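The letters A, B, C, D, E, F, G, H, I, J, K, L, M and N name the chains in turn, as written, and every chain counts its residues from 1.
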Amino acid sequence: MDSMTLIAIASILAAGLTTGIGCIGPALGEGWAVSTALRSLAQQPDASATITRTLFVGLAMIESTAIYCFVVSMILIFANPFWNYFIAQTTGQ
Amino acid sequence: MDSMTLIAIASILAAGLTTGIGCIGPALGEGWAVSTALRSLAQQPDASATITRTLFVGLAMIESTAIYCFVVSMILIFANPFWNYFIAQTTGQ
Amino acid sequence: MDSMTLIAIASILAAGLTTGIGCIGPALGEGWAVSTALRSLAQQPDASATITRTLFVGLAMIESTAIYCFVVSMILIFANPFWNYFIAQTTGQ
Amino acid sequence: MDSMTLIAIASILAAGLTTGIGCIGPALGEGWAVSTALRSLAQQPDASATITRTLFVGLAMIESTAIYCFVVSMILIFANPFWNYFIAQTTGQ
Amino acid sequence: MDSMTLIAIASILAAGLTTGIGCIGPALGEGWAVSTALRSLAQQPDASATITRTLFVGLAMIESTAIYCFVVSMILIFANPFWNYFIAQTTGQ
Amino acid sequence: MDSMTLIAIASILAAGLTTGIGCIGPALGEGWAVSTALRSLAQQPDASATITRTLFVGLAMIESTAIYCFVVSMILIFANPFWNYFIAQTTGQ
Amino acid sequence: MDSMTLIAIASILAAGLTTGIGCIGPALGEGWAVSTALRSLAQQPDASATITRTLFVGLAMIESTAIYCFVVSMILIFANPFWNYFIAQTTGQ
Amino acid sequence: MDSMTLIAIASILAAGLTTGIGCIGPALGEGWAVSTALRSLAQQPDASATITRTLFVGLAMIESTAIYCFVVSMILIFANPFWNYFIAQTTGQ
Amino acid sequence: MDSMTLIAIASILAAGLTTGIGCIGPALGEGWAVSTALRSLAQQPDASATITRTLFVGLAMIESTAIYCFVVSMILIFANPFWNYFIAQTTGQ
Amino acid sequence: MDSMTLIAIASILAAGLTTGIGCIGPALGEGWAVSTALRSLAQQPDASATITRTLFVGLAMIESTAIYCFVVSMILIFANPFWNYFIAQTTGQ
Amino acid sequence: MDSMTLIAIASILAAGLTTGIGCIGPALGEGWAVSTALRSLAQQPDASATITRTLFVGLAMIESTAIYCFVVSMILIFANPFWNYFIAQTTGQ
Amino acid sequence: MDSMTLIAIASILAAGLTTGIGCIGPALGEGWAVSTALRSLAQQPDASATITRTLFVGLAMIESTAIYCFVVSMILIFANPFWNYFIAQTTGQ
Amino acid sequence: MDSMTLIAIASILAAGLTTGIGCIGPALGEGWAVSTALRSLAQQPDASATITRTLFVGLAMIESTAIYCFVVSMILIFANPFWNYFIAQTTGQ
Amino acid sequence: MDSMTLIAIASILAAGLTTGIGCIGPALGEGWAVSTALRSLAQQPDASATITRTLFVGLAMIESTAIYCFVVSMILIFANPFWNYFIAQTTGQ
């Protein structure tokens, strides 16, 4: 097992688990937010504009944490500095 | 155990677990959202248009986190850069 | 333990666990959705058409996450690119 | 430990765990659905036809996730492509 | 440790755990369903026929997931194709 | 460690854990069912006959999942086909 | 480590864990049942005879799952067929 | 590590864990029962005799599961048949 | 690592864990019981004598499960028959 | 690694974990008890004497389980009979 | 496995898990905050300005904990002092 | 790895985990107590003196369990008898 | 694996996990606090000044626990005394 | 791996985990306390002085458990007696 194989394995596992675990929270949080938005709309249809606007800002904030996880996964797969370093080492030799 | 076997095993396991774990959250979140939508519709049938529209936007947001997981799995299976690198190495030799 | 055996073992385990774990969330989510649909129908029988239609769209969305898991399992069992690569290697030799 | 033994062990364990874990969710989800159906029937006996029909569609959807798990288990036991490949290898030699 | 011993051990452990884990969900789900049936009967004794019939259909659906687990266990103990293959191998030799 | 010892150890552990884990669910489920039966009896003493009958059918259904686990344990201890096979092997030699 | 030692260790551990884990569920279930019985008695002292009789039948059902676990433990300690087999082997030799 | 040491270690660990784990359930169950008894007494002081009697029967039932665990622990420590067998072996030699 | 060291280590770990784990349940159970007693006293100060007496009997029952754990720990530390046996062996030699 | 080192390590770990784990339950239980005491005082300031007295008795009971854990830890650190035995062995030699 | 490979693997795994685990809390917390904001808006549309402003400050505070995790991940990937030290060592040699 | 290193490692890990785990319970318990105190004060400002006094006694009791953990940690770090014994051994030699 | 590599790996993993785990609590706690602040503002808009001020003090207290974790992570990455000691050793040699 | 490296690794991991785990409880506890304070202020703005004062005392008590964890971490990093002992050993030699 040379270095590159090990780096690749660690990157693959970390990328998968980061997205997998990191999407549980945002999905549940958005589920709650949407759920309350619907209940509020049914209760107070007149405030529909304010509720919808606040909902979208809130969803964007919650989605941002899912996007952090997705970004870290993408960095680990496609722009991994450790992998690039070892590629450079191998190529340069 | 050569490098390619190990990369393949890591990719298979990570792809499976990412989708498996990552679908628990969205499914529960969508369950809540749909559940409240139905309760709201029963409570305020007149707001049906607004509720349905908000529900679909919300479901799309929640579904997006499930899709992140599915995308990472597909990348790991079909467009894995680490696998491609080693294939290129093997072929080029 | 040659490469093909290891790939096969990893695929079998990942396929099983992906479907097994990934079905917990959708089943619970659909249970909630159906459960509220029934309560809403009992509470507001007149809105039956809207409730039923929204329920089916919602169930389809939730079922989709279970289907992602099932698809990943089927890909790992019947269209596994890593397995195919090694088969090709073995046959081509 | 030759390849066939290992494949067989992995298939047995994966088949068992897939069904075992994968039946927790559907059973709970159906329990909720049936439970609310009964409460709704007691509350609104007149809507009995609609409630029963919706309940059966819902149960079918939830049961489908349990069936995915059962199907994966059966595939792993009786139509396992990896096992068949190695049988073919052994026979063909 | 020859192949047959290992297959036997894996089958025994998988059969036990499948039934053990897989019975938690159905038991809880049926508990909820029966529990609500009783509450509904006390609340609306006139709907007793409908409630009882729906309860039995629901219990049958939930029980089916427990039966899947039991069936997989029985297959692994008494009709295990992997075990039969190795028996045939041993006998045929 | 010969084959028979290993089979015996696996059978003992699996038998114990199957019953141990598998009794948690039924016990809780029956606890809920009995608990609601008592509350319903206190609330509607006139429906006592229907409630009691439904309770007993429900308890029988829930108990059946505990009995599946117990049966699997007994099979693994007293009618284990794998153990019998090896006994036959040893005796026949 | 000869066979008898290993069988003894497995039996001891399995016997302990079976009773230990298996008593959590019944104890909680009986706690719920007794708890509701008391609340029902306080609410409807006139139905005391029916409530008490139903409670005892229910407690007997729940206790039965604890007894399954205890029976399995006792079998593993005092009537273990695997242990008896090896004793017979040792004595007969 | 001879046989007797291993049997002793397994017995000590199993005895400790059986009592430790097995007392969680009964303690919680009794806590619920006592807790409801007190609430019922405050609500219906006239039914005090019936409530107290039912509470004691219930506590005895719940305590019995804790006593099963304690009995198994005591058997494993002071009347362990496996330990006695090896003592007899050692002495008899 | 001779026998006595191993027995001592197992006894120390089992004694610690038995008391540590086994005190979680009783503490929570007593917390519930005391908590309801206080609420009942505030609600029905006239029933103070009955409530206090029932509380003390209940606390004694719950405390008994904690005492089982403590007794097992003390036996394992100060009256361990396995340890005494090996001491006797060492001394007698 | 001689015997004394191992005994010391086991004692240190067991002492730490016993107190650490064993303090979770009492702290939560006392939190509930104090919490209800305050709510009862606010609801029925006249019963203040009875409530306070019952609270202190209850806290003492709950604290006792924490003290069992602390006592076991102190015994394992400062009055460990196994450690003393080996010290005596070492000194006496 | 030289030092650089190990540092790289540890950094990759820690970066992934930090973001993955650390995003569960903020997502749920923001979900609650947004959810209550929507309910409050529906209940008191006049306080919309205050509610929105407080919501944004609160979301910023909660998001900050997610950002701590993201920052630590980025430091571990792109500005890792340990990695830099070893690069400097390798280059300087 | 000599004895002193191992004792030091065990002490460091046990000291850290004891305080870390042992502070979860008291913090939650105090949170509940303070939380109810504030609700009671808002509900019954006149009973402020009694509530505050009872709160402080209760917090002291709960804090005591956290202090047990802290004391055990401090003993393990600064007054560890096992460490002192080995220091004495080393010095005395 | 020399000392510096190991220190670096431990520091990286500990830094990541400390921030990752330690941010779950504060995020949830702040979510509750903000959530109640919004509900209180909607309920009592006149007390807006007091509520906002108390909220900010409370958020600062909760945030402080997240900052402890972040500080420990930063110390472990950038001001690690153990790492500095070994650097000094290496440089000084 | 010499002693100093091992002590350093254990200290780093213990310091990180102690703060990481130990901050979950206080953060949640303070979240509850602040949350109730806000609800109480909205409900009874006149008792604002008493509520605020009690809140701050309570937060200080809860924060103290977080500070215990932080103190233990700081001691393990900057004033570790075991580390100092080995430094003294190394220097003195």
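In this text, a contact is a pair of C-beta atoms (placed from the backbone, for glycine too) under 8 Å apart; a residue touches a chain by one contact, two chains touch by 3 or more.
Predicted, not measured: the structure shown is a model, and the values here were computed from it.
Counting hops only between chains that touch, subunit H reaches subunit N in a minimum of 4.
Chains touching both subunit J and subunit L: none. Inter-chain centre distance (subunit B to subunit F, centres taken as mean C-alpha positions): 37 Å. Annotation: 11 Å between the Cα-based centres of subunit H and subunit I.
Rounded to whole angstrom, the centroid-to-centroid distance between subunit C and subunit K, based on C-alpha atoms, equals 30 Å. Looking at subunit M, residues 1, 11, 13, 15, 17, 19-21, 24-26, 28-33, 35-37, 39, 41, 43, 55, 59, 66, 69, 73 sit in touch with two or more other chains. Arrangement of the chains shown, judged by which pairs touch: one closed cycle in which each chain has exactly two touching partners. Read around the ring of contacts, with subunit I first and subunit J next, the chains fall in the order I, J, L, N, M, K, A, B, C, D, E, F, G, H. Contact residues on subunit N toward subunit M in their complex (touch as defined above): 1-2, 4-5, 8-9, 11-13, 15-17, 19-21, 23-39, 41-43, 45, 48, 52, 55-56, 59, 63, 66, 69-70, 73, 77-78, 83, 87. Remark: subunit A residues 1, 3, 6-7, 10-11, 13-15, 17-22, 24-26, 28-33, 35-37, 39-41, 43-44, 46-47, 50-51, 54-55, 57-59, 61-62, 64-66, 68-69, 72-73, 75-76, 80-82, 85-86 touch subunit K in the complex.
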